[in-house]
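Take a look at these structures.
Common to both upcoming complexes is chain A, partnered first by chain B, then by chain C.
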Partner chain A sequence: MTKGIVLFGVNNSHVDYVKLAMIASAFARANMSELNICLITDNASKNVHDESELKKYFDDIVIMDEVQNLFTNIRTYRNTQNISVKSEFKNEGRASIYSLSPYNETLLIDVDYLICNNSLDAVWGNTSNVLINKQARTFKDDFMQANDTRLNDFGIPMYWATVIYFKKCDDAEMLFSLVDFIKEHWEFYQSRYKFPGSLFRNDYAFSIAIHLMNGYTESSDYFQSLPIDRILTVTDNDKFYKIRNKNTMSFFLSNNNSFLLTETSGLNVHCMNKLSILENELSILETLK
Partner chain B sequence: MSDNTILTQALESANYRMTLNLQRSNAKLALEAKLIYAENGGIFKISQELISFVHTLISLDRSSAVLIDSNSSPIEIENLESFLENILDIYFEASNQYHLTFKELSKKRNVASLVGN
Partner chain C sequence: MTRGFFTIALGEEYHRLAYALALSLKITQPEEYSKLSIGVSLKEKANINPKYLDVFDQVIEIPWGDLSATKKWKFENEWKSIHMTPYDETIKLDADMIFTSDISEWWKYLSLSEGVFATDVKTYRNETITSDICRKVFTDNNLPNVYSAFFYFKRSNSNFEFFKLVEDIFKNWEHYFQEFFDVKNRPTFVSTDVVFALASKISNYDECNNFKVSGFPTFVHMKTELQKWVKASNDPWIEQVEYFYNNDCQLTIENYIQTLPFHYQIKEFMTDDIILKMENKLGIK
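Let's turn to the complex of A and B:
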């Protein structure tokens, strides 16, 4: 059985997702057991970087066909409350990862998920076909905003597509196919599940697909949690500050119009402020070398 | 002492307390991450309860058993003694590190030292 991490990154005019994938790969390599890492991207994003540079971080590179974008997915990328840019959010190819992943067992992680411990080594060979979390918390132990817990006040639970473990099997294939189907019928599912905003979000699509596969119930017996059952999140109002060693980082956390500084050691962190990660790319990659 | 000085000191103290609580909470989360153990397709959160239960099974001369993992899946453990040995090793290492971190934090009296600056 082959196993490995898959990172999905397609650049837009402001954010170099392939560079973020290199950073995520370097964190995973430094803190998990030896494993394969694959980048799924498009030609335009790949060509921004040297082949030799890419080979340092990825064992496999899969170039996907150009995705027919169904949405004008413009999102605001914030770097704290003070700086923001609007750019396309090219996340529509994610449902194709099931067929594009070269591994029998895949750990799909977002490029802004920084792995600083080996707890995810525990997923390999799991009895479940799919592992995905439905909780996300901030450092201050707050739940995320209401619509990050449920799709609406009375809606279904939100699952986080930030980290997903799956095996190549019928169940996982059905889940990813459903996500694709939901994406194609986004307006219908938005009216049915009443989630906010116009942005296509994989988190919502996975949440709906899981709800359908659970027979329209909230049962969590089938889609179970990852070893740590919540995604520890730094929002884009917060900021990556610096890296001290391979598993120690510090962040500025927004706090009543100012910031608190916190240092983490041995914690996997979903740092939504991608721009602040990229600001620190040189020091991160140098430390993780 | 003027009201302004008192207020400044109170705010500094609050900032210190919040940062200390964050660092303690981070240490607890790191402990939780270290206490993960996988065997035979199951994921176990190592706890004093799990350690005691496995020890009880062994003391009742059971060499194997089905344990319920953290996702409520039944997992067959063929060698309970080696399972206990492994989880105890991880528990001691993780709890000692947690103890060390906690002691270090309690000695630090300002925000800069709490966050390693």
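Let's turn to the complex of A and C:
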């Protein structure tokens, strides 16, 4: 029975997702028990980096076919409220991860999810076929915005595709197939589920797929949460500041037009400000070496 | 041992709602558990729509006169339910409810007790309603959180005693409220749930029955204020959410398929179109 982490990263003109995947891999290697790590990417993104560099961080590299993008997913990448760039958000290949993952048990994590403890070691061999969280919280333990709790005030709960554990099994295959189907019929599902924005967002697609698999009800039994049931999140108004050691990081958290310097130790953090992670690329990789 | 549902339906509008409730029971419950009898006033009995009569199990005249004849809220006859119901075991319902799935399994657990009220009622998303915004009286006076819109009881001596107490509270509610409720939390009007809750508290009804099966009996309570919405207004829920009752008589609200007894509260919900779909499903012309 093979098991491992899968990172999905396809570069755009401003963000080197493969580099982010290397950083996420380095965090996982430093803080979790020994495990395989796989990068799923496309040729163009892979070719930006040396083969030897990639081999340091990934046991397996899977090159996906070029994704026929259904959306012009232009997203604003913020680095605090002061800096922003618009670039294409190439997130549509995520539904194919079920078939592309080389592992029987996969822990799929976003490239901006920085693992600083070993709590996710507990997922392997889980009795549930899929584990996914439906809570994301800020450092103040607040919920994210209202539409990050439910797709709309009257609607279904939001699940976070930031971290997903799944086994190769019929349930997981159905979940990922449904995500693909929902993506193909995005306008219809947007009209039915009334979620905001125009971006294709995997969190919404997974939330809807889970709702469908729960038989259009809100069951808490079928899709269980990960060992830590919330995604601790640093938004892109905040900023990755520094790494002190393999499990200690500091962030500038936006706070009423100023910043609050905050250090975390032993906490996994979803740092949405990707640009600030990349700014610290050298020090992070050096520290985690 | 006979089992069935019972509701009091006063006035043409409530006859119609009770008819819809009866149709929904026929659609969702096995035949032996799908009977609904209704209590009506003497003067109404002869004037009930004949189509409705085919669906009701029995139409029973409210004994000792209609005590709510001159009242806006028609709950003064509730204590007579045990005297009216034709069944050995009854689930007393509010008329503005429909059933959305087979709950017949509940009977065998309910029958382990003399009587059981629904307590942990749900939103349409199956969230347990915890807000006491409409039930401050219950919280402030430490009343059991009972909902008489779904009340199982056996026809037994202890339940006749219980309903006798309910009758006494209905008839002397000001005295009881003065006796049992602190002045600053004392309701200035009577309501069915408060009366049943107070009777339960006085008689230790919950403790006597010791019903320990979690999760039911329950129902979806569509009072707008209870729906755990963050930003919604207090406009009637039917104006705020999308709902759909399909030809197969499946009710969906904002993509949530309803499976519990559904207390819709807003009478306008029960359109002629929904009733027609129910009639079509049952082959009623």
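Here is the rule we use: the second predicted complex is superposed on the first by the 289 of 289 C-alpha atoms of A that agree within 3 Å, B and C clash if a C-alpha of one lies under 4 Å from a C-alpha of the other, contacts with A are read in each partner's own complex, and residues count from 1 in each chain.
The rule we apply is simple: contacts are C-beta pairs under 8 Å (C-beta built on N, C-alpha and C of every residue); 3 or more make two chains touch, one makes a residue touch a chain.
In this text, all values refer to a predicted model and were calculated from it rather than measured experimentally.
Of the two partner chains placed by superposition, only chain C is touched by A:193; chain B is not.
Once the two complexes are overlaid on the shared chain, A:100 sits clear of chain B and of chain C alike.
Residue contacts after overlaying the shared chain place A:169 against neither chain B nor chain C. Looking at the shared chain after the overlay, A:224 reaches chain B, while chain C stays out of its contact range. By the document's definition of touching, neither partner reaches A:213: not chain B, not chain C.
Of the two partner chains placed by the overlay, neither chain B nor chain C lies in contact with A:61. Here chain B and chain C are compared by how many residues of chain A each touches, and B touches more.
Contact with chain B, but none with chain C, is seen for A:266 once the two complexes are overlaid on the shared chain.
Taken together, the chain B residues at the contact with chain A in this complex read 15, 18-19, 22-23, 25-27, 29-30, 32-34, 36-38, 41-43, 70-73, 75, 101, 111, 114-117.
Against chain A, in their complex, chain C makes its touches with residues 125-127, 227, 229-232, 240-241, 252, 254-257, 259. Across the complex, chain B is touched by residues 117, 119, 121-128, 131, 139-141, 221, 224-225, 227-229, 232, 244, 248, 250, 253, 255, 260-268 of chain A. Across the complex, chain C is touched by residues 146, 149, 153-156, 192-193, 211, 215-219 of chain A.
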